[in-house]
Each structure stands twice: as structure tokens, then as C-alpha cells.
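There's a structure below that I have some questions on.
When the chains are written out, they are named A, B, C, D and E in that same order, and each has its own residue count from 1.
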Amino acid sequence: MFDKVWLIPLFPLIGFLINGLFGKKIKNEAVIGGIGTLMIFLSFLVSCGILMQMIGLPPEQRVFEKVLFPWIHSGNFKADMAFLVDPLSVIMLMVVTGVGSLIHLYSIGYMHGEEGFYRFFAYLNLFCMSMLLLVLGSNMLVMFIGWEGVGLCSYLLIGYYFHKKSAGDAAKKAFVMNRVGDFGFLIGLFTLYWWFGSNHNIWTINFVEIKAASHLLPFGGVVTFATLCFFVGATGKSAQIPLFTWLPDAMEGPTPVSALIHAATMVTAGVYMIGRMSFVFIKSPETMMVIAVVGAATAIFAATIGTAQNDIKRVLAYSTVSQLGFMFLAMGVGAFSAGIFHLMTHAFFKACLFLGSGSVIHAMHHALHKIHAHDDAQDMRNMGGLRKAMPITFITFLVSTIAISGIPGFSGFFSKDEILWMAFANSYHGNLNVVLWGIGAVAACFTAFYMFRLVFMTFFGECRINSKAKSYLHESPLVITIPLMVLGALAAVGGYIGMPKILGMLPNYFEHWLEPVFALANEYGSTYAHHGAHPSHAIEWGLMGLSVVIALIGIAIAFTMYVKNTELPGKFVAAFPTLHRVVYNKWYIDELYDFIFVNPCKAAGQFLWKGFDVLVIDGVVNGVANVVMGLSGIFRYVQSGYIYNYAFSMALGVVVMLGYYIFK
Amino acid sequence: METLFFLIITLVAIVSAILVITCKNPINSALSLIMTFFCLATYYVMLDAPFMAAVQVMVYAGAIMVLIVFTIMLLNIRIDASKKHSHKLIFGSIIGFFTLLNIAFVLMRSRAAVPTGPYSGDMIKNIGHTELIGKEMFTNFLLPFEITSILLLVAIVGAVILAKKKI
Amino acid sequence: MDMILIPAVNMAPILPEILLSVLAMILLLINVFVPGGKKSNLAYISFLGIIAAGVLVAIGWGAHIESFSGSVVLDNFATFFKMTFLVAAGLAVLISDSYMEREGCNHGELYPLILFSVVGMMLMASGTDLMTIFLGLEVMSVALYVLAGFNRGNKKSNEAGLKYFLLGAFSTGFMLYGMALIYGATGTTRLFKIAEVVGQMTLPTTNIMLVAGMLLMMTGFAFKIAAAPFHMWTPDVYEGAPTPMTAFMSAGPKAAGFAALLRIFLVALPTLQVEWSQVLWVLAVLTMTVGNITALRQDNIKRILAYSSIAHAGYALVGFTAGNGTGIAGILFYMLSYAFMNIGAFAIIILVTKKGETNGNVSDFAGLGFKHPLLALAMTLFLFSLAGVPPAAGFIGKFYLFSGAIQEGYIWLAVIGVLNSAASVYYYLRIMVYMYFKESTEEFEWVKVTAPIALAIVIAAVGTLIPGIVPSVILEYAQMAVKLI
Amino acid sequence: MENLNSYLIVSAVLFSIGTIGVLTRKNAIVMFMCIELMLNAVNLTFVAFSRYLGNLDGQIFVFFIMTVAAAEAAVGLALFISFYNNKESIDVDDANLMKW
Amino acid sequence: MSNVLSLTTFLPILGVLLLLFIPKDSKGVLRNVTLAVTIVTFLVSLLILTGFQTNAEFQFVENVPWIAAGPFIMRYNIGIDGISLWLVILTTFIMPIAVLSTYTAVEEKVKEYMVCLLLLETGMLGAFISLDLFLFYIFWEVMLIPMYFMIGIWGGKNKIYAAVKFFIYTMVGSLLMLVALIFLYFKGMQAGITDFGLLQFFDLKLDMATQIWLFMAFAFAFAIKVPMFPLHTWLPDAHTEAPTAGSVILAAVLLKMGTYGYVRFAIPLFPEAAHKFAPFIATLAVIGIIYAALVAMVQEDVKKLVAYSSVAHLGFVMLGIFAFNTEGITGGMLQMINHGISTGALFLIVGFIYERRHTRLITDFGGLSKQMPVFATIFMIVTFSSVGLPGTNGFVGEFLILLGAFESQLRWWTIVATSGVILSAVYMLWVFQRVMFGELDNPKNQKLLDLNAREITIMVPLVVLIFFLGFYPKPFIDKMDPAIKKLVAQVRVASVNAMAIPCVDPTQMPAGVPASAMPPGHPAVNMPAGHPVVESPAAPVANPHAAK
């Protein structure tokens, strides 16, 4: 089964080609959607097969590399088109193909009637292929194809409604920010390649080979540089500080896109990449710290912004940024498997949330469309009380919200609590661990708050939609709700495979599964970790309880403000207008970037063009020409037309010549 | 005696040469030029070249200058009375002066070839200048001599083509 | 009194000259006895005569005969240059008839004068005595003075003749003074004897009389080849003279000037090479620069080509400065190709200009490219060749000239040369810009392309293109010509 | 006989005067006369050298120069007449149709 | 078969002769004949490709005497190796496309246009196959003429300025090169070299000063052609004014003359000097990348934007070449091909909309995706190829260049250059967005027709190549690899021989960048340059927590 791994990206590619080339002619939505969904589902089946086979193997045989064809071979450099199957990639495969299948299915309903339906499915398939390449790539370059490929698809899908300027802008912003990250990725790649090559004559970018040689890497130094570069790449892809602003804007794309790309899969690529190269990252304590700090900061920072947004998808987007922050925090504190675990659970509940919000928007849009109103279908202030009209959506949404808020028993609790605990208990960052834990906890509180704010504003209370439209509100069709139900179920129970040991009910399958992948990293880490007193079980229990309490506090505040006493938010805004404005406007980060990067670049471009290119360079070029022409103008007047002047010139020539020879 | 004669001739030659370039009336210039030519003929005699002197007088003073004077008369040229170009005069004079200076320096610092030729003054006196010239011309310089015929033909044709009223 | 015994002379070296002179005289007679009417027949006869002379010249290839007690020599150097003169004259004869007809000055004396001037040039190239060279120069010059002012009804032509004559005579004065000084310093006018005497001198370069004589003499030739600062007559005379004569003057006398100067310097004064190459260096730079830069702002096409002709003299002087086989062969090659390309260009100018030489501005070429594509194509070829763009002969010529300079270590001279060459591209391109890139503003008045002029253009085009692609056909001969000097 | 240099100096002076004349006068005929003066100065040089060196080449040369002068005079004066016919003037200032 | 190279090169000339017999007015016939000639040329050139043996030797060599006069012997000496092979194929491949692109664009003076195109093809091919320096120079100059006319006759409103600027700019450089060429020959003559054959000059040992002067002259000529900052200003003008086919050829092939000149002539002839100049040229290349990208960003004219993007791309090529290692030069060579394909395609695309709307101002467009979906798709593919998205050709080249340069002494330059990757995305996507996205609000744009069959036919081969090169560049790399390895060896040996050059140890800081210029104490900056190699993890490396 392992050597059939190339089938996994092949199926979506076929889907892409069919829909992309012939979709316009097919026209039938069912066929197009069917092909798209079927293809990714086939990939899912293959992935399942691989998973099954891998489960049957002993842990040390769970690594397999499949070389398809040589790609770039030049000089010392070798990069093959090759796939790597190991426990980590299998998990990602399952997430991508599984969630991907569901979202494809969902899209058939959601995108019904859209112009360019075929285009959407083509892009979606292409995205899946790219993501699978990213996940499966056995060397950095194949990973990089996927890495940029998903960026491309993200660009295409965000810009799906290309006639909207905002969509175009958002798409471009997403791609460019990703490119900033790619820049880091490339530099990191170059550094590692060059270092290994020039110092040890190991010219490779293959993960397996690097892993085998990773003991040669020093701690810190060059590794810090390389890993920081890689991390820049990760921040771009995974929307971390400072490159996070594209993700909320990316909500311009259709909602399934947000669910698949901007929640479940693509944005987690950074986390995956760090996991994939954990044995390199761990060699740099500095980088690890930077990752942890950036992750924690992003978690809290995005959470604050999330509290003030009114657009349902934007709230979810900031929530995603914040959750990704948690994952990076996990990576940064060396809790690689916890991070991946959170990645997986997050994929379930966040996909469910996005799809649920899509279902809501779909209904809202439909209703508003019927009465020809132009209210914003995504603004929560226009919603409310939808639970009656859309029960399935409501229930699944609520389940996922509970999961993300970290209520025990649901998947989010297990993963998030694991991260918080590891942040507290990690032995890498000295006294920073308490701070990290604290920030994480506060962020968790905010998470619970804004998520329940969202639920309360959307599904509870008065129905604030245009009254005429109310009657048109109804539950979405089955093709939409089935994925919701599946994902809702996963969000509820998906966490049990990674239940913390301390709860003792189940062994932590997840951690065991990933153990061979991260063992080496942990070994390296232990060489510089503090071997002080390990925090006791009591503390662990206590912190777990504390985090539950924190989540509940957040829910309570949300309940108070948005169900019981709905004037409170207004009062709050009135009390702290500046704070609200700043938070509402995302801390003015976009404006800051415009000010620091975008505008200077444009100004520089203008200056260099009009000022330097035209004035200076062409000025010199044309200036030389003009000087010569000017000389010509002077010279020609020497030619006065008078014979005696000509004779004078001759005589002068003779005199000078003779004079030179006589008096020299 | 001879030196004195030389100096007088020189004086006349230079003064008449200056007159050539200063006289406003071209006729006067032409007459001064003829004067200069005569002085040159005198020099040729003093240099044991009587044939050259004769040719000088006949060709230059006779033929060429007559032609020139004739032309001046024919064209009835007004006196050169248009406004003076003083800058022209100044620059022209400066250049002329430097020409002179240069040549003078050349002559002062130069080494002429060692006289090796067979034609001493006595020999010329004995054999006769014209005969010697003739011998040279029709032996060693036959070709140039023939070329002059073509030259003169060209000049005639050219003069006709340019100046004849109707061709 | 003894009879003068005229020594036995070998006429072989001056056979072509004799042929042409006799032909010219016959033509004069024909002209007298067959007055009025078409003069085309004279053109044809003289063209045939030129071909015949060409055959005679060609037969003499490889021979080395001195004659007239060392006044004249027949060698490959002379033969090569004679061919160049004949090419220039032949082309000039071909393009003259229809032009003169149009301008109303189709006097039969034109052709004899052209032939006589060729005789003069040939004597300059083969003369080995200062007197022969001087008289050759004068025969050529006097004929050219007349030719320049040939269209005597035309004020410009008139003026051109006047200017050319006065300045030419003035330069002759300097040249003669130089010859006098050389005569004084060496005691002879025979070139090889001068070389002998100079060779025996101790430190000839400090013999100021000799050096001054050389410089003054050079002045006269520099005038003929239009080297700065003795070039000032060129634009005016070229503009004013009848166009076919301009074409002839730009090619023939320039080549003759180089021939004489080369022979004098290389045969008589090789020991002074250090001195003359220094002067030539400066002259070359001045000439190229003045010619090219001034040409940039000209509008009259004949003036442009006049300045370009000055510039080309500069390029040739680069090769002369080098004074080595490569450079000198380059001059020979260049002068021949220049005759082809420049006369070719002038032929087209003749076709484009109207009676009275109006319509001679660059802008009058507008739209030529598509109205008369073949004509424009030929013009393009000539212009590219003049600009030194491969694969035209002009490029190969420049290549050898500059190579010569580089070989002798005159790198900077070569660099200045190529920069000039690059600047010159502008004004050649400008003509092409008008021909191809601009639409004509007025209805184009088509001058009938007569057979002779078409033949001339074809010959010129072939002569420009073929040596560019297979330069060996001419270069080999140029090399041989240089070796024997 | 005076020594060589005296004649050479005289000839140089005459040559220079001729040059100055060409440069300063505007009447074409006078200019031509000045040129003749220059040629004569050259002739004097030749004859002087010839006498000094004791060979007759220089004098022969002078002979040819005179011929040339005559030929030039013929052609030149014809040109002047032709010019005069067109311009009613023999002033070189009027020969300025072509410039720049 | 043995003179298939000559056949390829001069087939277009035969085509010209053929065209001369076709009347001016039968435009269709003229076009078809030209197309046929170029296609036949392409097919013949495929014979070269199939017959090419993968080794470092020059193949299909023809060497016959041509000129022998004076000190010079020039020979008709041609042949190709892996480096020139692909450029020859690229040229013959681009030509039919260029011809096809003119079917409706050029309505006037069709005959002359076609003649120009064919002459240009011969000129370009000749330059790529010449192994004789003199022959190369001839072709190098000959190329200018048809291009000059193409810009000048069929160009836009400012065509004269552009054409003359193009010609004179190039001429200045090449004439100085000519001087250097001659000088080199005389130097060679002293060492016993008998003709202008390029290969003999590779073994010529020149002293450093001579090399520097000669290299400067060659490099200047090639830099103008590339064009490198700050000698690039003729390019935007030329591109903007040239007709579509002209721009395509200019971008796809003509600019490659410059880079090819470096690879084939400037570097192997004067390796020591090349080493000495590497930091300088790399600096210019990097400035060019950033500078052109910034300037491209604010352009209002699509064509000008693409022109500036060319400058940036060629900057990458130069950087790769001056890395002097296999990866860099391979990348550079690939990027030359890629740039030919991508930028050629971009110019075609610009040509398509220009033909429809007769404007190239970005502001005149917007929302074209709706009206022209096929066009949008192709435009997008080409855009991303130009941006260097992995999976497209642009990436492979750029990546290898950057990798190679990073390995070499040009590490810091590489990092700056890599940021050009970001900027290229900015300006390309921005223009794409402004042209293709947004509301279709201009009424003139609402009636636009999508690409027709001919236009699609033009683009399909390019698109196919974009992906083929992106996913399977191996055949391309394999063919050029031996030649490049040989070149690298040549250069490397020379660099060891060079006295004045610091040894090119990859860990060594390049002389051009003093360490003090870096912000002190910044680990990320100081590290890769001179960090001591730590062999064992037990070594006392900096761990801020260890002390606690």
C-alpha cells in the first residue's frame, strides 16, 4: 500500500484537470461536484489503507520513502519528486483528505448556483493536491511545491469572487504575505543545505537524510539562523505575528474555503513543517523560545481582536489565528505531539464552526435575497435566534464551540489542556514557562468568551434579521448538514485518542503514534533541558481544573453580556471607546504595515522610476547625447561660411603644429 | 656693395609685399605685387639663376599679373571699402607673425643638407644657366615636364568652361 | 651646344595615364565636333575608357617598374590606388549624365575633366618624386576646382568652386614651402634619395628643417583628405558642388591624398615615424571627432555626408597613425570600399533631390523606404556600411584600421575611434529614420532611374556588400600592395 | 653672394606677409594675389637652396611652380568671373550661401 | 547532417529569398510562408537536439576558412555544446510563435516585417553557434539591424527614440568589445594563437591587468545587452515601442545574448578577472532585481512593467552565473530559457489585449476575467511562472540560482536577491489583479472577445513548457550539465591560479563586505559567515539557560 502513496495526490490532480479543462462544458453541477468529491474521497480511502498498513507495522518500520522521478539534479544538488510516509504525514493525510472530503461534499450544496462552480471545484482539488504534496514531500523542495501550491490555491480561492475589489486585494495580500514567509523558508533551506554541504560534504535537503545527519548540527548558531528563517516561513503560512493580517482578510473567499484552507489544513502547514523538522528546530533553544513566545503572543493578541468583531467569519478567522498560536506555543515548548494533536482537533471543530457559519450565512443570504434586502449576511448584528430555524446547524455549532472553549469531555479540552500543561511544565525556557502558561490561559478565557459571544449573538436572543426575511430562514439541505454532523461528532469525540495520561482512562494513542517521529527531537532537547523537579500530578490536576474554570468564566461573561444583559457591550464600548476602536480595528496592524512597508515601497518605486530611472540614468544617457548634440551645435557655427575663417583655421593648425615641434 | 644692393632690394620687396596686402584698391595691390616679382627676379639673378629671373618676369609679371589686372579691370571691382574687420586683421596678423616666427626658428635651428651638387656658380657661368636647366628638365624631370602640358590643358578647358559666356 | 639626349624611358608605369589623357583629349575633340545634343555618349565612352584603363592597371599587378629616372614607379601600391580612382571615376561618370542633364549644365567637357583629374590622382599614387606628386596633385586639383564650380549658373556650385580654389591654393602654398624645406634639408626631391639622405642623418628627428618640412607638406595633403583642422572647406564645397562631383571628390581625391601621403611618409620618411605618427594621432582624433559631432546636427544630406567624409578621413588616419601593415592595408581597403559606398549613397541622393538641388534635406527622404524599397534598401546598405555595421565593407575596413592601431598599442586611439563610430551611427540612423519610420509629407517626385545610374548603384551595392562578407577578395590585394611599398 | 639664410629669411617674411594677406583681405582677387606672393616666397626658397646645394632640382621645381601658378591663375580668374556673374561681387563675404 | 547547424541558421535566409518573390499584397501567403519557414527551421533544429551527444564537447562543428588577411585569420567556425544548444532550440521554438502572433497585429508592410523576422532569426542563431570570436561579433551586430527596423517601423508613438536608443546603446558597448576583441587577438598571437577560434583563447594565460581591462570591455557590452542596472533604460523604451513579435523576440532571445556572452565569452576567457568582478557584478545584479521590481510595481503601462520585470529576472540570471558553481550556472541557463518562455508569453498576452483595445494602460482594464476566462487562465499561469511558483519553470531556475549563489561567496547578495521573490509577487499579482479582477466597468471592455483558436495555439506550447520545465527539467539540465561542469572547472582552476584573489572558500566572507558592516551581536546575521564549525553537540555552544 505504501508504494501506492502517489495515488493520493494524483486523484485530486485528476479531479482538477477534469474540472478545470472540461468543467465549463460539463455544466452539470452534480457531475462536477461529484467528481471533485469522489476524487478526494478516493484519496481518503488510500490514506486509510496506508494508515491501516502502518498500524500493523512495528514503530521502527513506519518510515517509507517513495521516489517518483528525479526532479532537479544539478551539481551536488539533488531533489527528487519523492514522498515520505511516516506517522506524522499519515495523520496529516487523514486530516486533509478526511476533512477535505467532507468540505467538498458540503460545497456541492453551498456553492450551488454559483457562476464558475466548476472553477471552484477545480481549485479545491488543486488545493488538496498541493496540500498533499506539502504533507508528503520527502524533501524540502517537494514540500515547498506544496507550500507555495497551497498559497496559490489560497490566492485563487480567496479571489474567487474576483469582481469584488476586496477579494482581489485579500487574495493578493495573502499571497504576498505567504511569499514573505517563503522567502524565509528558502533562506533557511539554503542555509541548511550549504552548512551540511560545505562542512560535512552532505549535500541534501531530504528530511530523512537530514535527520540521519542531524547529530552533526551544532546547538544554536547556524541552526538558529536557519530555523528562524524557517519559522518566518511558518509565520507566513500559519498567520502568526507578524504575518497574520492576511488571514482575516482571506475570509473574502467562499466559506468552504475558509473551512478547508484557512482553518483545517493550509494554515497548519507551518506547524506541520516545524513538526517535520523538529530535530532541527530543537537544536536551537533560541528559536524554540521565539516560537513559543510568538505563539503565545499571537494566541492572546488575535483573541482580543476576536472579541470585538461583528462579522461571523472574521471572528472565526481571529479564532483560528489564536488557535494556531496555541499550536506554535506547543511547538515552542517542545510539545510537538501536543501541537499536532491540537492541529487535528482544531481541524475538526474549526472546520465544523466554519461550515456551520457557512450554513448560517447561506440561510441568511438566501432569506435576504428573497426580499431583495442588501443587509450584510455575515454580520452577527443582523442575526439572532437562529437556533429554532436551523437546529442541526445550531447543535453542531454549539458542540464545536464547547470543544474549542475547552470544556472537558470534548476534543478541544484534551489538546488545549495538554498544550497549557506542557507550556507550564516544559524544561526548556526556564522561568518563562509560567508566563507562557499564563498567557495561554488568558487566551483560552478570551476564546471561550468570543466563541460563546458568537453563539449567543447568532443563535440566541431576538431574531434581528429583517422581519420580512424571517420566514425564509430555514435549515440547509442535507448535503450541507451531513458534513456538519460528521465534523460535530468528531469535534466531540475526536480528542479521546489523545487523552492525557493523567486522566488515565485511555492510553495516549496519539502520542505513542507520533513517538518515533519526535523521539530524536526530544533526545536532543534533553541535552539542554533543565532536569529539575518535575511538577507533580497535583499541580497538573490543579492547572487542569483552573483552565476549566477559566473557560467557564469566559462563557459566563459572554452569557452575561449577550444573553442576560444585552446593553452591557454598548456600555462597555462607551466606557472604553479608544480601546474598543483599537481592538475593533485590529490594533491598526494593517495600517501600520501600509505605513512601514507598502507605502514606502510604492513611494520608492515611484521615486526610482520617475526620479532615478528617468531623471538620473536616462538623464545621464540623454545628457551625454545632449552634450554631444550641443557640441555639435557649437562646432557647426565654427563653420562660418567665410573663406578667411577657413584659411585661418588652416593657418592656425600649421602654426600650432610647427610651434609644438619647434618649442617642445 | 652687393650686400647693400641686397638690402635695398629686400626693402623694396618687403615694402611692396606689404603694400599688396594693405592697398585698398586691387589695382594698386596688383602693381605692388608686380614690383615684388621684379625684386624676386633680381634675387634670382643674384643667385646665379638668370633663366629663372627671365621666366619670373615673363610668366609672373608678364602673363599672370596681366591676366589678374585684366580681370580686375574687366570686373570693374570697387575699391575694397566695405567695413573693416579689425578682429580679422588682428588674428590674421597674429597668425602671420607666428608663421614667420616659426619659420625663422626653423631656419635658425636647422641644418641644411651638405652641398654636394655639381652645379657651382662657375660652372653655371661657364656652360650657361639655360642649357643646364634644359638638360636637367629633359632628362631627369621629363615626366613632370610632360605633366605640365596636361595641367595647362586642364586649365584652359576649365577656364573656358567656367568663364565663356555661352558654351 | 650639345643636343639634349632624352633618355630611353619605360612607358609601362604610365600607360593608364596616357590612355586616359588621350581619351580625354579625344573626348574634347568629339565634343567640339559634335556639339549640342545628348552628351550621354561621352559618358559611355569615358566609362568604357575607364574600364580599359582598369584592364591596363590590372595587367600591371605584381610588376615593379621604376621609370623616368625615378620620377614614377609601377608597383602594387600604385596599382591598388589606381583601381580605387578608376572605381570612383567610373561610378561618378555613370551617375553624372542624368544629373547634369537635369541641372542644365551637361557640358561635354565634364568627362575629360574627370579623366584628367584621374590622371592626376594616378600620378600622385605612382609618383616617387615630390615634383611628380605635386604636379599630379595640381592636375587633379585644377580639374576639381573646375568640376566643383561646374554648374556655373548655380550660385552654390559657383561658391563651392571659389572656396575650393582659394583654400586649395592656400594649402598648396604651405605644401610647397614644406617641400622646399625638405629639399633644403636633403638636397633632393626623389623620394628614395630623401630616404637615403635621411637614413644617413644622425638623429633625423632633431633636424628641425626636415620635420617642419614634413609637417608643412602634410598640411597640403591633409587638406586634400579633409583632415581637421584643414577640413573646413569640405562641407561647403561638398554641398555646393554638383552632386556627382561631390561623390567623386569624396572618394577620389581623398584616396589620392592618402596614396601620396602614404608613399611619401613610408618611402621617404619612415625614420620620422615617431614624429608623424604623433601628429597623425592628434589629427585623427580631431578629424573623427569634429566630423562626427558636427554631422549630428546637420539637415542637408550632402552636408551630412560631407562631415561623415571628414570623419572617415579620421578613421583612415587611425590606421595611418599605426603605420603598420594592418593599418595601411586597412586604409587601402577602406578607401576602395568608401568609394563604393559613398558614391552609392550620393547616387541615391541624386535621385531624391530635385532640380537646383532643392529637396536635399534629410526630411525629404521621408517615406522613401516603402515607396522605393529597392532604392531605400541600397541606401540602407550604404549607410550601414558607412556606419561600420557588419556585414558591410565599411565594417571590415574599420576593423582593420582599428586593428592596426591596437596592434601598435594605440588602444586609446582605437577607443576614441569606436566611440566616434558609435556617435556617427546616430546621423546615419537619422537618415534611415526618415526613410523608414516617417511618412512622406508630400507626394514624392520620382526621378527616373536611368540605366547608368542604376548600374552605378548596383555596382556600388555589390562593392559594398561582397567585400563585407568575403573581405579576402580585396584585403589580400591590399596586403600585397602594402608589402611592396 | 649673400649667404643662404638671408634669402631664406626674406622668403619667410614674404611668405608670412602673403599668409597675412590671405587671412585679412576679402577681395578674392587680392587673396589670390597674396597666394601668389606665398608661392613666390617658396620659389625664392627653392632657388636659394638650389644655389646653395649646387643642384638644379630646386630651380626645376620653381619652373613647375610657375606653370602651376599660371594654370591656377587661369582657372581661378575664370572662377572669379563666374562668381562675379552670379553675385556682382568678388568679395568673399558674399560667398556665404553655405555654412554651418 | 553534418552541417545541420548551418542549415538551421541559414534556412531563414532562404526564406527571405522566397519571400522576395511573393507579391506585397498577398499578406496571407507571406505570413504562411514565413510561418512555414520558421516551423521548418524549428524541425530542423530538432535534429540538432536529437543528434546531440550529452557530453562537454562542442558538436556539429563546422570549421572552414573564411578570411585570412594581414595578421588575422577568421574562420567560419561553428558548433554547439550544452550551453548553446538550448538557446538555439529556444530561438527556433520562439520564432514560429512570434510569427503567429503577428497574423493580425501587423497589417502594414507585412513583407518587410516578415523579412525582418527571418533575418533576425539568422542573426540570433548565428550568434549562438559561433565559435569564432569575429564571426560572433558579426552576428551580434547583424542582429541589431532587423530589430532596429522592427521597433522603428512597426513601433508605437515614441518608436524613433526607442529604436535609436536601442541601436546606439548596444553599439557603444559592442564597439568597445570589438576593441577588446582585437586586443585579445594580438595577445593571443604572441602566444601562438593563429585564428579567432574561441577555444584556443580559453588556454591563453593573460596577466591580471590585461584581463581586467578586457573583461570590463566585454562585460560592458554584455551588460548593456542583458541589460544590467544601470544600463537598462533602453529596454523599457524598446519593449514598449516594439510590436508584439519584436518584444517577444527581444525578451526571449535577444537579451539572452548578453547573459550567454558572459557564460561563453567573458567568464571563460578572463576567469580571474571575472572572479575579481563577481562581487561587483553581483551587486549590480541584486540592485537590478530589487530596483526593477520596485519600479515595475508602479508602472502604468503593462508592457513597461513586463519590461522591468525582465530586468529583474535577468538580474537573477547574472547572480547565478557569477556564483561560478554548477548549480548557479545551471540555474542561470535554465532561467534564460524560462525567461524566454514566460516573459515571451507575457508579451504575447499584452499583445493580445493591446490588439483588442489599443491601449496598454493598466487603468483602462479591470475585470477581464469575466469576459475572457481562457485568457485569464493563461495569463494567470504565465504570471505565476514569472513569479516563480514551484511547479512552473520559473521556480526551478530561480531556485537553482539562489541555491548556487548561496553556496558561493555571494551569500549576502543571495539573501537580498531572494527578497526579490517577494517583490516579484507583489508587482505581478498587482497588475494581474488590476487587469483581470474587479468590476468589468469599462464599457469598451465589455465587448472583448476571448482568445481565438490561433491565439490559443500560440500559447499552448508555452504553457505546456512552463509546466514541463517546472516538473521535469531533467532532460534540459542533463544536456547542459557536462558543458557547465566543464565551464565551472575552467573557472575554478583559474580562480586557484589567480594570485590577487582571496581563495574561494565557501566559509570565507567575501572581500566586498566587511564584517563590521553587519549589525554586531545579531546572531542571525553574524552566524553563517564565520561561525566556527561545531562538530559535536557536546561542544560548549551558546545556551543562555545553561548557566542558570
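Side notes on the structure shown:
Please note the rule applied: contacts are C-beta pairs under 8 Å (C-beta built on N, C-alpha and C of every residue); 3 or more make two chains touch, one makes a residue touch a chain.
The shown structure was predicted, so the numbers you read here are calculated from the model rather than taken from an experiment.
The set of chains touching chain B and also touching chain D is given as A, C. Note on interfaces A-B and C-D: more C-beta pairs are in contact across C-D. Among the other chains, the CA centroid farthest from that of chain C is the one of A. Taking the mean of each chain's C-alpha atoms as its centre, the chain lying closest to the overall protein C-alpha centroid is E. Note: the chain lying farthest from chain D is A, by mean C-alpha position.
The distance from the centre of chain A to the centre of chain D, with each centre set as the mean of the Cα atoms, comes to 96 Å. Mean C-alpha position of chain A lies 79 Å from that of chain C. Chain centres here are Cα means. That of chain D falls 65 Å from that of chain E. Separation between the centroids of chain C and chain E, computed from CA atoms only, is 45 Å. Those residues of chain D in touch with two or more other chains are numbered 8, 15, 18-19, 22-26, 28, 31-32, 49, 52-53, 55, 57, 60, 64, 68, 71-72, 75, 78-80, 82, 92-93, 95-99. Of all residues in chain E, none touches two or more other chains. The set of chain B residues that touch two or more partner chains comprises 88, 91-92, 95-96, 99, 102-103, 105-107, 109, 112-113, 115-117, 140-141, 144, 148, 151, 154-155, 158, 160-162. Across the whole structure, chains are in contact as follows: A-B, A-C, A-D, A-E, B-C, B-D, C-D, C-E. Contacts from chain D toward chain B in the complex involve residues 1-2, 4-10, 12-27, 29-30, 32-34, 36-37, 40, 43-44, 47-57, 59-60, 62-64, 66-75, 77-82, 84, 90-91, 93. Partner chain D is touched in their complex by these residues of chain B: 2-3, 6, 10, 13-14, 17-18, 20-21, 26, 29-30, 33, 36-37, 40, 43-44, 46-49, 51-52, 55-56, 59-60, 63-64, 67-68, 71-72, 74-75, 77, 80, 82, 85, 88-89, 91-93, 95-97, 99-100, 103-104, 107, 112-113, 115-121, 132-133, 136-137, 140-141, 144-145, 148, 151-152, 154-156, 158-163. The residues of chain D lying in touch with chain C in their complex are 8, 15, 18-19, 22, 28, 31-32, 35, 38-39, 41-42, 45-46, 49, 52-53, 55, 57-58, 60-61, 64-65, 68, 71-72, 75-76, 78-80, 82-83, 85-87, 92, 95-99. Residues 625, 628-629, 631-633, 635-636, 638-639, 641, 643, 645-647, 649-650, 652-654, 657-658, 661-662 of chain A are the ones that touch chain C when the two sit in their complex. The touching residues of chain D, when paired with chain A in their complex, are 19, 22-26, 28, 31, 92-93, 95-100.
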